[in-house]
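Several structures are given next for inspection.
Paired with chain B in one complex and with chain C in the other, chain A is shared by the two complexes that follow.
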Partner chain A sequence: MKKLLFLFVAILFVVAGCSSSDDTNSDNPGTDTFNRKALLENIADNIAIPAYKSFKEEMANLKTATSEFVTTADESNLVKLRTAWLDAYVSWQSVSMFEIGKAEEISFRNFMNVYPVTTTEIEKNITDGGYDLNSVSKQDEQGFGALDYLLNGLADSDTGIVAFYSSDVNATKYKTYLSDVVERMDTLTTQVVNDWTGDYRDSFVNNSGSSATSSLDKLVNDFLFHYEKHLRAGKIGIPAGVFSNTTFNEKVEAFYKKDASKALFNANLTALQDFFNGKHFGSTTTGESLKTYLDFLNTIKEEEDLSTLINNQFNLARTEASNLADDFSAEVRTNNNLMLDAYKELQKNVVFLKVDMLSALSIRVDFVDADGD
Partner chain B sequence: MKINNLFKITCLSAGLVLVSCSDDDDTPGVQIDEPTNYVFERDGKSSVSYGGQTTRIAMAEEIIDAFKNSEKTEAILDNMFAHQEGANDFTGTGLNESSKSVRSKTAASKDYFSVNVGEASAIKEEFDTWIAGQANEVFPNWNTEATAGVAGFIQEAGGGSTRYVNAKGLEYNQAFAKSLIGALMADQALNNYLGKSVLDDANNVEDNNNGVVAEGKNYTTMEHKWDEAYGYLFGAAPDGAKPLASIGSGSNQKGDDSFLSKYLDRVNDDSDFTGIADDIYQAFKLGRAAIVAKEYTVRDEQAAIIREKISQVIAVRAVYYLQQGKNALDATTVDHATAFHDLSEGYGFIYSLQFTRKPNSDAPYLTRTQVQGLIGQLMGGTNGLWDVTPATLQAISEAIANEFNFTVAQAGS
Partner chain C sequence: MSTKYFEKNTEAAPLAVFRIFFGIMMSMSIIRFWSYGWIDKLYIQPKFFFTYYGFEWVKPLGVYTYVIFAVCGISAIFVALGYKYRIAILIFFLSFTYIELMDKTTYLNHYYFISLMSFLMIFLPANAYYSIDAWRKGVSYQYIPKWTIDVVKLLLGIVYFYAGLAKLNSDWLVKAMPLKIWLPSKYDIPIIGDIMHHEWVHYLFSYTGAIYDLTIPFLLLYRKTRGIAFILVVVFHILTRILFPIGMFPYIMIVSTLLFFSDNFHHRVLAGISKIFKISKNHFDTNQVFSYSSIQKKILISLVSLFFVIQLLLPFRYLLYPGELFWTEEGFRFSWRVMLIEKAGYANFKIIDSVSGSRFYIDNDDFLTAFQQKQMATQPDFILQYAHYLKQHFKKQGHKNIQVFVESYVTLNGRLSDQYIDPSIDLVKEKESFKHKTWITPFKDEIKGL
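What follows is the complex of A and B.
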């Protein structure tokens, strides 16, 4: 036995020896002189803060349109409100990955965009009143998903929907709930934006080390988590039944609007790829980014730049998804294989991003897949 | 990736060397014929049998489902737990006709409870108490939102699952299910069927040496006892000969794991413990082959490996859920439902620690008294889990990890 133990230990040493001589220098933080602070500055000043400011304006428009509709509940104001809702919803796709700082603290994403919503609970809130939208138990009764139901899902026609806010016996209560949901979204948005434009920007940029709590390590984890859970799974995989034995066409984003799920998906996919490339919000200029960081480290996989592989894979996913109908719910019902094809392309980038990129950047994954039971 | 594979191959080869050497050194001339899969035959027919374990696992699954049906009464749940042959308690094929029951084998191992009957009945009564609590505290409040001191439902963040908790935030169904992993599956396997007092009972050794099969069966009694231990782990697998066929990340989605095997799968998915499932499977297989070869020393060595590693699975899971609960409570926006769900699972795994087995000893890694102390810390506040602090969860985690060869950090992610 002892001899064997020795043999085993000896083999271990051989393995350890192999690994240290084989590895590239990217695993050694001592040789990584990349300027992380410049990267964080580019993210804060040219991506996150401008995107948030733009989103805040869309939220202000949504609030105005809501107030006009509540004052005069007619079809013309409903159409305007719906447009403002969709504009804000698209704009949201550019900020939803930044679940860091105040957003993380207040659980921003879960209060803004959980879907599917539970319509029976929404109806109960409206009828009974006395709801507390601050409760985490009520996250599936508010946000963009709840507005989707309130603006698109109450009836089949605009006339029918307007009736809920005008002639219905509970019309006042419907108006109150609609206003409360929008007001809360606006309040939370203001909190997050004020934090970024206040003290948080500097503390974010100055926390430029490489540890589990440094800004880049945390943000890269947020980016990956968002890619995996909210883009790949939430928008495509879950409705397509990848994680279950059946499909769930009713679990798509903006289910009641019917023709917006693809636009929301594309906006989010583009925002994530732009973030990877350090592309300034609303501009074609690029700055320091995960891409330039990988290029600096000269990370090669299969004889190709890892950053090129990742960008190619983003593009493949976009191309595959271009075959999908505007209404993902209809796509799931009629030709789910196209959804599964899009999912496969999205999944391939999980490997490049989560395994290869993280290993090159020496960043540890800080989230685990939920249990599921 | 490459390094990992190399490492695996190295381990595997080292394992092969180990096996062949031990054959050569210990018992010259005797060959243990170890099959690739858990397949053993006599006269061309299978000699493996663990139907009773498969039955009890299926019964336990139905009991757990019934915990989530507020139409059920305490009496209905009690009857399911202490099933009587012929009673109409279950829906699964053949379960009602079975003479087996879950309760009779709860805290019922020969090594731990044949003398300690007082403790055995105290444990059975704790399971009864959880049933009573679900029926009388939680079911009546099925449509009441839970708050500190009030039983009811509570929904996870992000439109997540709805959980049903008692006034102290504990999910009785989780406490019951995860405690059963220790009190039924682990206790029966580790402290009953893998013990010498069962394997070598009566004429078992003599019969096994002479190939005398049990009356009307195709196995010797010793072979069967070993298989029954195997059945408490793998009895619900679609292919019992190859129960690890779908092990690995995401395999639970196929739903072919149950109770103990489900969490073996989960622990195996953690890169700090990868390979533990195969270690246990190989030990079961070699031990069974050793019985066929009448090599009882090798058999007992495998039993020691199984005892150690299954105990570790339970402990890793206890610490994992405590850490998940701690993370949830540490967040600024606390998701109580998620935290309580994790901690209720943790409660059950802590409870299960009293049924673990240190190899080459007659004792668990943590005694019943120690377990009661830890559960006291977890639930001790006026409102139980509503009051527990992250610091307390860390302290409990460390107290458990200290008794094992892993760290809180390794188990916690």
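What follows is the complex of A and C.
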């Protein structure tokens, strides 16, 4: 009897030890449970990968337009290049939240879209040469923000801008820097896209457990982080002076382009909401998502319909932001209250997403012991 | 209890076994904590630490924090060996408690339990038998006063029973909350993962948990139910270990409950250890009885009695506060309310210059770790302390007329999030105390029960 007891105890300890490992997978979800793997599949196959592929095409167009402009630096090629840049920039808004896998490993977002950029350093890079764009300290001297400066900010007129690439004493150096920045963005994009279309897709989908390192936990944390830091704060809050005593109209996205900040904001807001609803990229079809997961849990919990509240709040933020001018920088200077109003609506969803949703999904922020009090 | 009870003696073996396991478990806890890099992450990396009221002077000591952990771990080994036991357990108690007081972000009921247990052990003759002390002094006592073992059982019993009492509320019993939130997220555990979303499972776990906590101390006390009780202890704690991130606690409790087993059982454990390490167990089996002088005994018994009176009353201090305990958390800690509520929050701090009216919001990432933010957002005393810290920080930066307001939202056991702190209150003007915090927004729902 005693021996049996000890055997029993020993087995339980082993079971506990095994199941506490951090990479438990669930390949066989029961039929009537919520299928997390299907959720991850929908995100990977219908949202992230198509969005990345589309972004890669835009990057290819940008690269072509850049080489055309570098070959023949005239105003017509500048206009074409600028269009390709803006198209890619809008497309970027659909992938920037997926800072997971290779993107996380190479700090994709920080090399692609830090703003404001430091123009004095960019100028220094151009004239001195010998820069290393791989360096973390050079994140604010490259990416979409640097292109914004190089294509829109060098002079007031297109003639003036083209002059930097044609008649300026450093024209060749300007061309080189422009090409290098685009080349690096393209290289990084290729790395991330190749990873998704290669092995990463399966490892992402199969990591369907519930530990802090599972795909869903990480992705939800990434989604929240992006919403809070990059959409709410980066695009609206920081320029509107929410976190400071003064406003910073020069800290808007695409500051030099002037009329693009709203389009970029809207694209990102929509991408985040579509992600929440599991809407397929470039289609109206929807699949398993945070929304359907919340709805499933809600049938157990019988509390208020959280996914509707979240969607309503997304819509309210979009409506409030529709009052803003195309150029957020001008809006900050002339009527910052509208910016603050938009911020307020965005802020309300932080509460729904970060408090109510996270709690409902029982997703942890960190791996530490906690006994729930 | 009659004075006769305090005259009774019993075998010292159970307490010796308990001492050995306790020491080993504690040193393992320290090693585990260290190996996860948590000393650095929790006590060195953060810029700011949440102190306990009255213990504001207890703070991490930079890299020397490792020394405290080392001291704590080594003293635990000394306790296990029973070498210089009295000083070792004292040092263990002090260093362990110091660690726990450094930042209340990491508060865990089981850490509090360890502090209490090690405090109690300072006064117990746990080294009288089967210890290096007993070996070296050449005096081993095979028998010790019965009450010195019973107090350990009593403390264990209180932990369970009070944890059970805390579950007797409408959220736990009527709504099966928070297990209804927690269990479905455990879909990926082996065998039982697939049933975790069924409502009946949530209720089953809620009720079994409550009944288990309330009855297990009694089942362990009686010889006839002891065997089954121990199986229950193992199953229950292993389950909690699988389901929840509670670290070493389940193992510590399993090992502790061995104390309830017979003297014979403990002698066999010690015989086993003796065999492995080639120790002569006979050397300790002296038939000698350990006894206190009558003055010692009087002091010890009054002290330990006082300790238990406090233990029995402290968890009920919440009755002195108005409002819902789970919402305000006034009187929540140090009360064996373990894995009882699912709470999450968000606190957005606003700094205002009361003269110029200029204002800005705080990015909490600039000051707190993710873990600290999580704990801070749902507990008023954290919110208040952080607000004062922010004031000091911006005062140093040259800001003037600083007011600190907070817009905060909390969800409790699946209810839709609601405003937590009165957003019109300048927190700089509020002081920490044991008094009720009037600036907590009242709870809109009702939770019935204890």
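The rule is short, and it goes like this: the second predicted complex is superposed on the first by the 326 of 373 C-alpha atoms of A that agree within 3 Å, B and C clash if a C-alpha of one lies under 4 Å from a C-alpha of the other, contacts with A are read in each partner's own complex, and residues count from 1 in each chain.
Everything that follows uses one rule, which is that a contact is a pair of C-beta atoms (placed from the backbone, for glycine too) under 8 Å apart; a residue touches a chain by one contact, two chains touch by 3 or more.
None of these values were measured; they are calculated from a predicted model.
In the superposed three-chain model, the partner touching more residues of chain A is C, compared with the other of chain B and chain C. Of the two partner chains placed around the shared chain by superposition, chain B is the only one that A:Val136 touches, whereas chain C remains out of contact. Touch criterion not met for A:Thr176: it reaches neither chain B nor chain C. Legend: residue contacts after superposition of the two complexes on their common chain; A:Ser107 is shown touching chain B, with no touch to chain C. With both structures placed on the common chain, the touch criterion links A:Thr64 to neither chain B nor chain C. Contacts of A:Phe243 after superposition: both chain B and chain C are touched.
With both structures placed on the common chain, the touch criterion links A:Val117 to chain B but leaves chain C unconnected. Comparing which residues of chain A touch chain B with which touch chain C, the overlap comprises 8, 12, 15, 18-19, 243-244, 368, 371-372. Chain contact summary for the complex, chain C toward chain A: residues 38, 41-42, 106-110, 178, 180-182, 184-190, 193-197, 199, 202, 227, 230-231, 234-235, 238, 241-242, 244-247, 249-250, 332-333, 337-346, 348, 358, 360-363, 369-371, 373-374, 377, 409-411, 414-417. Interface residues of chain B facing chain A in the complex, by the touch rule stated above, are 2-3, 6-7, 10, 14, 17-18, 21, 145, 154-159, 252-253, 266, 331-337, 413. Chain A meets chain C in the complex at residues 1, 5, 8-9, 12-13, 15-16, 18-20, 24-26, 29-30, 32-34, 36, 208-210, 233, 237, 241-245, 297, 300-301, 303-304, 306, 309, 347, 350-352, 354-356, 358-373. Of all the residues in chain A, the ones that touch chain B in their complex are 4, 7-8, 11-12, 14-15, 18-19, 22, 104-107, 110, 114-118, 136-137, 139-140, 243-244, 368, 371-372.
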